[in-house]
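Some notes on the structure that comes next.
Chains: A, B, C and D, in written order; residue numbering restarts at 1 for each.
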Amino acid sequence: MSKHLKLPEELCCNPTPFIVLTGLDNVYNAVHKSIWDAFCNNRRNDRLQIQFSCLPGDHAYPRSKTKRTSYDWYIPKGLLKSSWMKKHLSLLPSVVVVFFELDWDDPAWKERHLACASRVQVVRSSLQGRTTKVAVVLIQKSTPLPPGEDMVAAERAAALCSACELSAKSLFILPHTDQLLGYIIRLENAFYELSQVYYRTEARRVKAHKEFLNKTTHQLLFPRHQFKIGFFNEMIQDPTSALKHYRHAYTHVHELRTYESNNLEIKLVGGFVNYKICKLCFLKLNAPLDAITQFRQHVEQFKSMCGSQDLLFEHSAWLSHQYQVFADLFSEAISKGLSAIQTQHPGFYYNQAAYYAKIRKQCAQKLKASLQDQTYPSEDPLKVEVLEFYGQRPWRQGQQRIDPADHSKEKDGIMALQLEETKQDHSLQIISLLGSAISIFKNYHCHRLKRQLTVQMGEEYYHAGDYMKVVALLTRATADYRTGRCWLILSKILWMLLHCSYLTADLESFLIHSTQLLSRHLSIPHDDKITVQHSLMNLLMRQIPLPILLPASFDHVPEHHTSAYNDAEEKWKTLLSSPKSFPVYSLQVTDAIPFVECKFQFSKPQFTMEEVIALHVFTRVTCPAPCKISKLLVLLNNGTELSVEENAEKDAKKSDLKQYTPFEIKEHVLKFLCSPHEKQNVLEVRQLSVLLGSSNGLSIDLIWSDQFVDAATDPKPSSPFSMAQLGGEKCWDDISNITSTEIVECPSRLKVNILHKTPAFVGEAYAIDIKINSSESNDFTAENVTAVLSLKQNENSETEAHLSEKCSDLHTSKAKSLQLALGNMETNQTIERTVYVQTTQASVLHFSLHVSYQMQKPSELPKTGVLTCTSSESIDFAVEVLTPFNFTAHVTSLNLDSVSTVNQNQPFIVLVNVSSENFSPIQINSFSLHLNENDGFKTAGEQSPALDGKVLQQRECAVGAFTVLCDKSHDPSTSFLIGSCTFEWSRFESENPAQKVTLQRKLPSILVKSSPVSITAAVPAFGHLRQKLTITYSLKSHISEPQTIEISCEGSDAFMFSGTKNSTGFLAPGEAHNYSYNFFPLAIGYQELPRFMVSCTKHAEDEKAAQKVDQYPQNRFIFVKP
Amino acid sequence: MSKTTGRAFENKKLVGELFTLTYGALVSQLIKDYEKDEEVNKQLDKMGYNIGVRLVEDFMARSNLGKCQDLRETADVIAKVAFKMYLNITPVVTNWSLANDEFSLILENNPLAEFVELPERHSDLNYANVLCGAIRGALEMLQLEVETWFVKDALKGDATTELRVKFIKKLTDALPAGED
Amino acid sequence: MTDNASGVLFDLLHSQLVAYIYSTIDNKNKGVSQLESLGFRVGVSLGEQLTKDLPRFRDELEVMKFICRDFWSSLYQKQVDNLRTNHQGVYVLQDNAFKLLTHISVGKQYLDCAPRYLALSCGLIRGVLSNLGVKSVVTSEVISMPSAKFQIMVQRT
Amino acid sequence: MAVCIAVIAKENYPLYIRCSANVEDELKFHFTVHTSLDVVEEKISSTGKTSTARAPDMREFYLGQLYPSEDYRIYGYVTNTKVKFVMVVEASNTQIRDNDVRSMFRRLHNAYTSVVCNPFYILGSNISSKAFEKVVAGMIVDEQKKELFT
């Protein structure tokens, strides 16, 4: 920044009251030193804003001009004196304090107080014509008494005041005690008061001039005065009124008539005032919006005031500076707690500053050309010891006329400025401005804006000739614009990048960026693209690339640039000629847009293992000229690598890799087989890479990986399409990637059928025949065929079932599943196996049969040998298990009426009933009873023919009757199990003898009553009316004791009878008696015989035991025929 | 969910839009499936025929019109009633042949093509060919055999869209079943 | 039966479309997915059309409500009868008399061919949603004609 | 009238950019459009929160002016489908009011909708529709661009 445009620091600093302390000897006098230090050292913020300085008592202050009585003949020579602010800040004090050591009780009071007075005099005289306040401070050793008590003090103080012509208010006592700081602060406040008074009067004085001014001649004075007032108000720390006056000043500046010669002066001062206004708004009055609007107007009003065409650069330099300064203020305000927003923050202003800096540079560059052979004027028109007015030209100070007096001087001056300008390092300024802008944008979610600035920065570095930096910066920027698909921008950046990569001979960056710049998306003139491609191709063949030139439109080449080309060529030469071999540079396509494009599709969504999998790879190049691809490599998720080599002449199809004509779609079909362990897997493309260049030269590997999904909104993969269908021409976009396919087993070519005659019966060894027939085509051997039959039982079912291959060892086996290794099978060979299952309960058994095998096949691909593929199938089937027949058994009396109680020793009948519900006939091979002898059950008399050998067809039933008696006496209340019976049965005419099944069943239980005597009678089936029939009741004793028996036979209407009606007898153990009766039926039909009753009394020692038991014969009825 | 209706939509128009858009989807599908535009045209015509065949019944139900006396009347009914009813436009009937057996329907704007811009590579496509089929099918149900084709198509840069209908013969035999 | 004339026209076109698609493809599910993606494309367009005059949606639920009311009523002349959500991105829309089913005979016997008449609509919904920034999977279910259930599963990424 | 009009896809890449014929470096506007997205995104993201005390107009498509620039005014508009329209107007051009901009955007929006409805339009691809071009052409100024500082 040329310094004459910069804001002077006297403007930028915070104006503070200026106060001078005299009479302090800081060097030799410790006391004074401590006082001085107390004033100016470690002033914390709570202390007042004061500028102290310590001067000798006889210091000469700036002389005051003789006050003019009227302005009539006064013509101001400029707007703002460059000395004025400095003067009031650091030269002309508002207060001068005279320090003097004098105690009230000083012995030499008389002389001393006069000396003091003279000191004051000296000061006064040096402030001739100033309204500067003078104050006296007496440094005293002793602490003063409270006022009013020390008469001497009062009286002497008065004396001193009069001697010094000092008002009592201006006389201070500074007892030098330990509370020094306290006293100092009090003094400070007092001084501050005085200074305020001073500056107020000053301000008022300046204001007073107004009356004398007239608009014609004194225009310049209006802004000047307002500025001064504003400034004084700042001194007083009264920002509000300061702002008011600065605003006035600002408007006045604008009222000034401007012409080329005063253009700069006005702009500069205008800038000053604007600065003051913005600063106050931002930092003192917390009115950021006012500041911003003020600045906006400021720029608006001055933007067009560009002054002389020869000094255009100056204007933009000034503008740039205005922005920068404002941005600085803005940032300062923010650092002080102001909060900015995304769309209103310093970043924008720094950016604008940079923008004008650029324009300035452009102007400067235009100048350069014109100033080629100009020399700097002999006597420097810019040289001047002091410039009286801000913004005036050194060679014509104080002149206020429209056209410069001395034209040659003017020319020299301007040229001097121009030459100065050309020396400036503009890029550096621009870069730093951009830098600050970027750092601010970062904080306000403006990454895109930030990016743009980064790019601009890069360009600036380019102009500065720092090509490395360019590459570094721009490379970072590319990503955003690629993802944002801002092709135009990206083209420009990449071009620049490539250009710089060339100049810096940055091999990798050159390769990477050229591959992208050649992409169809990026638009640079066709010829340039051709050049780029040539360069790339050269490079791949390890030859020097052609120089990459930027578009003519682009800002003209810096002078050091031409040389750069030559250096570059050298660099390349050395780099490429070096013996070292270069790595393969790889480029992830996810973060690049190369000129090679790839898509691929599996031809089917599903392949069987024996099938040849076809992966179609579509590629095309979008570079302007034909080019070649040396290798195409696909990596699958199972690790398989498939490649298409350029130099693979064995396959005609592959050789066409060689040449790609632009935009022609090439299809490579990669055929391959997958290994057996791939079954039921999803096969997908993991990575595809295209190798450009040669292994001996240089090469780039373009890598497509992770997601291949197109940007299309519809995620669904569309149906695969064939080149045939599109007849060669088809828009590339219609091809969509199908990156995965499923590998499944080959379909099984074994015929499996299962034969069994359901239902199965409980307990039998049920045969299941498995019949497998191989129909595998053109006599391949189905190798190690295995069939696994397994019972599918839900764990909670308690049905006890198990399998075996031999029914003999069924009972031992507990197998729930059987594996049958069937070995190899030739085509059309058939294997049969029988498996037996046995279960103990009626239920339904579910089976699954899984047959699997392998086979070796010569693949359909040449030179791939045989491949092993497996196939399998499983069949589920169910078997119903039934009980073979229903078994029932019950007890009846001899004449077959069913009973639940039997008498001891009295025979009864057990009926066994077997019935079959099933359609398959069943043979009962043998049947046997097992009576419960321990409880005294035994067979009685002859048995009915057993069930042996009976064959039951469906719904047939067989009955066996067995007479049984129980000869043991039992507790009549509990029932006893008669016994059990066992069947041995088999399916009728079952060829398999081993399939006999034995089955045991329980017989019912009954109650058994014991009796002392048994009565039996042979009663005929019927009698005839009035025909005698004889019935003999035979009594038999069953007990070991003798017993008395009374028999009786009651008469009845239906019969007449003869025989003992009543008799008492004696029955010895085991003895039997017979009583015969002759009955004559008198009525017909079913009649009750005259009741025969026996009551027997056991003979026992004690009477109690002798109980009486009544008994009746079993059958007491008879049918009487007429 | 609450039953308060959202903003009022002109359902008729929107159903029309749904129709237009769906038709568009259909056409682009056909273009995917067939190489030649001619085949696409054929397909569209066929579908149009099927639609026409079924539409007649609905048409009769809505507009209880008697039998038309002559082709001129038929033409008017097609233009003023049918097109109005289903596509909400009224084409102009004109360009009668001397024999009065051939006329044109001029569609100043074609609802089917509301948003369509034909790509160059489909210059042979008769985008709205379904209309031809529909008319043919419908008339066939009324024992009129006709031919219909596009003479002009706004999509191809013509000022208007012109549909030509040519009467072939009266069908006496029983209605042919719509080819499915 | 469908109420307005253009409605009839659409029904006829739709059934022609379904018929055509099924005539071209080999297996059923493919037909459904084809119709679905046709519908998607149309849905995207409709999404653009129908939301042109509505205020910007704040959230997903507003979008769903839009589907159930404006979208539905403008396409099928009625609102969805019931919208349920598990607040984890699953929404179930129920239409007790879905227009495109009303002309297929009511009852159970044609249930198996119902999916093909809903496929397009599934696509429509998915299309609209995706255009409104809600990526989803839309499936349909018919228990008894003509009522249809559409399930929207939002894909959170 | 606008000097530059752009349509940005929901994924934030340009579907269409058209600058006034006599703009000397189109690139600048590509940058302008691109950078304006920063602000657009910010504004959109704040829409979600409107359920709080935010003003209802946050639900309007029209986003108003995006960010300050010396010599241009940049307006933004976002549809329910998150498609953005950006319009650049010369700052000097004062006769154009907020409402004019609104209605211009509205017309753009309609035109864009028809583009999407064209069955031959591939979703997400650049806009090359003649109809659309025509609408845009009606909004772009072609009067000579002013020199700086004059």
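The criterion applied here is as follows: a contact is a pair of C-beta atoms (placed from the backbone, for glycine too) under 8 Å apart; a residue touches a chain by one contact, two chains touch by 3 or more.
Keep in mind that this is a model prediction, so the values were computed, not measured.
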Via touching chains, chain B connects to chain C in a minimum step count of 1
One chain pair leads in contact pairs, namely B-C
Chain A to chain D, mean C-alpha position gap in Å, rounds to 32
Between chain A and chain B, the Cα-mean centres are separated in Å by 52
Chain B to chain D, mean C-alpha position gap in Å, rounds to 39
Going by residue number, chain D touches two or more other chains at 117, 119, 123
Note: chain A residues in touch with at least two other chains are 713-714
By the touch definition above, chain B meets two or more other chains at residues 17, 21, 24-25, 28, 115
In the complex, the residues of chain B that touch chain D are 17, 20-21, 24-25, 27-28, 114-119, 122
Chain B contacts chain C in the complex at 1, 3-7, 9, 11-12, 14-19, 21-26, 28-30, 33, 43, 47, 50-51, 54-55, 58, 62, 85-88, 115, 130, 180
Given the complex, residues on chain A that touch chain D span 299, 303-304, 306, 312, 315, 342-344, 348, 352, 355, 359, 445-449, 451-452, 481, 483-486, 488-489, 492, 711-714, 733
Per the touch rule, the chain C residues reaching chain D in their complex are 41, 44-45, 47-49, 51-52, 54-59, 131-133
Touching chain B in the complex, chain D uses residues 114-115, 117-121, 129-131
